[in-house]
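To start, the structure itself, in structure tokens.
For reference, chains read A, B, C and D in written order, and residue numbers begin at 1 within each chain.
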Amino acid sequence: MKIHEYQARILFKKYGIPVPEGFVCHSVDEVKQKVSDDDKLRVIKAQVHVGGRGKAGGVKLANTKAETIEKAEQILGMDIKGLTVDKILVADAVDIEKEFYVGLINDRNSKSVTLMVSAEGGVEIEEVAKVSPEKIIKMPIDPTMGLMDWQARKIALKLFSDPKEVRQAAAILVKLYQLYVDTDASLAEINPLVLTPDKRVLAIDGKMNFDDNALYRQPEILAMREVSDDEKKEIEANAKGLSYIKLDGNIGCMVNGAGLAMATMDMIKLYGGEPANFLDIGGSSNPEKVVEAMNILLSDKNVEAVMINIFGGITRCDDVARGLVVALDKIKTDIPIVIRLSGTNAKEGLEIIRETGLPTVETMSEAAKTAIELSKK
Amino acid sequence: MSILINKDTKVIVQGITGRDGAFHASKMKAYGTNIVGGISPGKGGMEVEGVPVFNTVEDAVKATGANASVIFVPAPFAGDAILEASFAGVGLVVCITEGVPVQDMIKVTPVLKQNNTKLIGANCPGLITVDECLIGILPGMIFKKGNVGLISRSGTLTYEVVNMLTESGLGQTTCVGIGGDSVSGLYFIDLLEMYENDPETKAVVLIGEIGGDAEEQAARFIKEKMTKPVVAFIAGQSAPPGKRMGHAGAIISSGSGTAAEKIKAFNEAGVPVAKEPSEIPGLVKGKLGM
Amino acid sequence: MKIHEYQARILFKKYGIPVPEGFVCHSVDEVKQKVSDDDKLRVIKAQVHVGGRGKAGGVKLANTKAETIEKAEQILGMDIKGLTVDKILVADAVDIEKEFYVGLINDRNSKSVTLMVSAEGGVEIEEVAKVSPEKIIKMPIDPTMGLMDWQARKIALKLFSDPKEVRQAAAILVKLYQLYVDTDASLAEINPLVLTPDKRVLAIDGKMNFDDNALYRQPEILAMREVSDDEKKEIEANAKGLSYIKLDGNIGCMVNGAGLAMATMDMIKLYGGEPANFLDIGGSSNPEKVVEAMNILLSDKNVEAVMINIFGGITRCDDVARGLVVALDKIKTDIPIVIRLSGTNAKEGLEIIRETGLPTVETMSEAAKTAIELSKK
Amino acid sequence: MSILINKDTKVIVQGITGRDGAFHASKMKAYGTNIVGGISPGKGGMEVEGVPVFNTVEDAVKATGANASVIFVPAPFAGDAILEASFAGVGLVVCITEGVPVQDMIKVTPVLKQNNTKLIGANCPGLITVDECLIGILPGMIFKKGNVGLISRSGTLTYEVVNMLTESGLGQTTCVGIGGDSVSGLYFIDLLEMYENDPETKAVVLIGEIGGDAEEQAARFIKEKMTKPVVAFIAGQSAPPGKRMGHAGAIISSGSGTAAEKIKAFNEAGVPVAKEPSEIPGLVKGKLGM
């Protein structure tokens, strides 16, 4: 789960990580109301769940209240990579002496939360990682001890030299780690962390993602969720035990198992088609789940054919087939469907389905080819 | 021979009184797995599917000498179940549970190391040494005794491939589903090393997917350390970046973890990568000169 | 630092440890106002920082509102071991099927927080520890992992057998440990933890002490501090870098170092006197500190003679002597004082003091004897 | 010979730029202690009292080969300073700081064990091997080279006793102030064992106080394991229960930790207990047949 910069700022403040003054606005009227009359340099930033908003014109500076309103008008409603900007952050701009990068991630290899810092702040860290990886300092954190103060100081000393700056930076690292662990985050970035000419260390931009598997114990984080329409569908599907991702193609697919579902998408692509979605219905043969899955799948108006790909393991194909028959009977659709069953009792399963007149095939590649053909009719 | 488990492995089931735990305990027993006990706090003394129930893993280990455990408890309690098994001295823990928070897995990691516990999963189908021991939710009937080892981040895709191997006459030694989470227990390299040292295994099938760089590491390991042939498949070639493809770990983030990178790494290591699953048996046979 | 039962209940509730409904009252009027009209069994408990309130009549049951008010009248204002009861807890009485003891302490030997539970609840645990120590189950907790759920279950299984009861009890243990660590407690007791006939597990009485050294980072706990007059003096002294404990004797003493201060008290007692206080002024020769210390010491009207016992280490006795002279010059008192200096430059120091006419001695025993004699004049 | 420290001990001072750190660094240097560095984050490269300052303990250890550290940082940071020294591989850490929260000491305990670090303190005056090395705030001039070892939970009371020993002609090997907190580093038993194994030490003086049962444990240890004579003193015989006598650890709680119990334990172990400090030298001489 992702949150916006303005939400990350709320969490930063709660944990004592210093950020410049600022507030979120949903309309130009709100900007007019909230911005004070005094002239000062302000930054207006689009709040969208996508990178590269700066290049897209979603971040602007303003010197006066009037200018702030003007820039807010320009940004609100703007389209950035397909997303409409419906809220902005208006914050005090600060003078910057130096910029740094600070990030925390769950690292698969060290199997730990890993702290990354770099003196190359303010730019995309992925770029730094590719061009000059030696400029990123990484430290895996032992979960039993957490980020100890001396470790935070050691890292801060790589970026700062003045004792007061070291102390500020080390405190920010420790607080960010605490926030990260407390909220089951999967990413926390301060980019840039800046040093101002008056030697304050401040978090200018913040980004946080959270572990979906841990949201059940993070009600405060969950309450921050803001979702697009596509995401809504994915979340609804999740609540029903389905895993659904909308894609741009026209071949809908419904598969049991995430790996097999990916392989199915790949297969469609391999044979020249375009998958309309990723859809994993999990392990059961419950007809209700199949109905739910089909409804979600068919709500995508681009879908022109459906490929059902099931491997029967512990759940035998004949049981799955019976479930499918019940489910497909309930769904009234003109979209052509091809069903492929494999694994335990595959023959018996296919027989049951054939009796209903639905098209069946025995291999994945055949299923993919058939679905592509059907979509062209 | 085989890796990790065999007919002497004594298995306990954590969460045996739950629906899934009870169901799969009976399936495992039916396959021939030596299920010696189940755990359910406060239900010690009961029997489920003919298996004695204990209050704690410690009690079960003391009474039965169990050396492996399989976990079916709900996600919020899975991390703790792993810790309990590890502190009770169980050498191999297999966590089937899906949806375990990453921080819980990070927290168990140093404990596993300290207690010398091997973990498979979480969010995995388990593992099988064919005709000897099945731990997890794998459909036993699709496996056939033979000389191919298999490691996979996936469940049903694994079954699909095993089924193809079996139908084409390629039996298996041990097949391990390592799970689809980003932070897991044993990983490709750990298992590749075991297969390399297992005299019975002649070739290994590796089924990877998008996300992380475990496949790239595996490719390096194969190139530098392995004498046995490996054949690979990577799921998720058509997956868009930034989207989690069902498995928590199957996500291309910041442009890394793509299928293309992984396929390239395998190609450079001389590992053939199947374009679709049905190519796998042929590639294995080719490597084995069959 | 100690808190009252009603305050421990507030912390328990915050951490989700179930307690019966109840509230604190400071007067009979408040009882009249807060107690509902319905008849139910209530318990009225004196809130004093001393054990054995039950035996002293500070805990009473009442069936009706009228009876509750009557009992509150009896308890409010009562004297328990020298302390006046100025507040009571009025709580719903619950039916009890079984009583247990649960405690957490900082254990010196295992150098860890140690969990203690016993099926012998509701009685003084010290008694159980003496009579049948095997009835107390102890478990040191690894601070890096905390109290893990499986450990809490293992302990709960020693007290309970039904799965639902085990789950409730284990959750309470984990929550109590979390509360303990979060608040830098030095003691947390639930005694009794009870099982009701309807199978709820509840904390009936709670006691918590806190580590004085950690109060600087526990503002919420510090805000709960309620102190007696004697304690006020001790806390004031502490704020000035002095360590003061009022005792019942008539020989005031002022010493540098806690061990030496205890040895000084012991010496007074050994020679038949009674120390009026413990007072450690720490390591400096600062005259201001000596003045503060003397003021605190002499505010105790029982003091009839004062023994000053200083060992000069890094701080030399001649410096200490000069400080003492300045300080004692500022303090106008008729109470006789004897000064003993030892250690580095003791001779020079004693010489300086003798010049002022104050009585000096060279050994601790001599000092104690002299102070006792002076107190009798 | 001696225990824990000698003329080859290389000492760093954590918190050397603070008032106490700088003052005592100069005092220790003056005594002859080999002070090789000081720590103050962000002040690396400076010099304090002629001692080079480093940013981290790790830097100091790398540059100087320091094997002991003394901590003068304020209480809220002392636990972290101990951790830093321990993780940097310093073998002996002496924490002078008073008022360290107990939970911080509990948190460092498993780390010390894991990293094989010996800790003295917190809230202690330090230790001295006479004429070789002084670490802490002890007044060096009162000590005299000899054959008596001394362990104490107290500061000035220790000096008092050392002064008496010295004046009565009883010199010392190593004297250790273990500190007055309830949860500390090395304790009586650890040190008694070291004295027992130190050929130069002929007798040991143990200065205990009320609170805890370390003296009782020491008495048992002496009875069972020690061949060298021990003489004891217990402060706090007149202390009331439930009151903390200055030292965080000096408190009689729930009726245990009284001086009477401790004296009884020593008497049962054949250890003479002085009624007042001035008796100690005589008791030691008696035990040594002098």
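To be clear about the criterion, a residue touches a chain if its C-beta (ideal position, glycine included) is under 8 Å from a C-beta of that chain, and two chains touch if they have at least 3 such contacts.
Please read all numbers here as calculations on a predicted model, not as lab measurements.
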Can you list every chain that touches subunit B and also touches subunit C?
-> A
Whole-Å gap between the CA centroids of subunit B and subunit D = 53
Subunit A and subunit B have mean C-alpha positions lying a whole-number Å distance apart equal to 27
Multi-chain touching residues of subunit A, meaning two or more other chains, are 144-145
Among line, ring, star, complete and other, the chain touch graph is other
Using the touch rule from the top of the page, what pairs of chains touch, sorted by label?
-> A-B, A-C, A-D, B-C, C-D
Sort out for me which residues of subunit D touch subunit A in the complex.
-> 40-43, 55-58, 77, 80-81, 83-84, 87, 111
Subunit C residues within the subunit A interface of the complex = 144-145
In the complex, go through subunit A and note every residue touching subunit D.
-> 145, 148-150, 153-154, 157, 160-167, 170
Hey, which residues of subunit B end up touching subunit A in the complex?
-> 24, 27, 75-76, 99-103, 105-107, 109-110, 137-139, 141-142, 152-160, 163, 180, 182-183, 207, 209-210, 212-214, 217, 233, 235-240, 243-250, 254-256, 259, 275-278
Residue ranges of subunit C touching subunit D (in the complex, touch as defined) = 106, 108-109, 111-113, 126, 142-144, 181, 184, 186, 211-214, 216-217, 243, 245, 247, 255-263, 265-270, 275, 278, 280, 283, 311-314, 342-344, 363-365
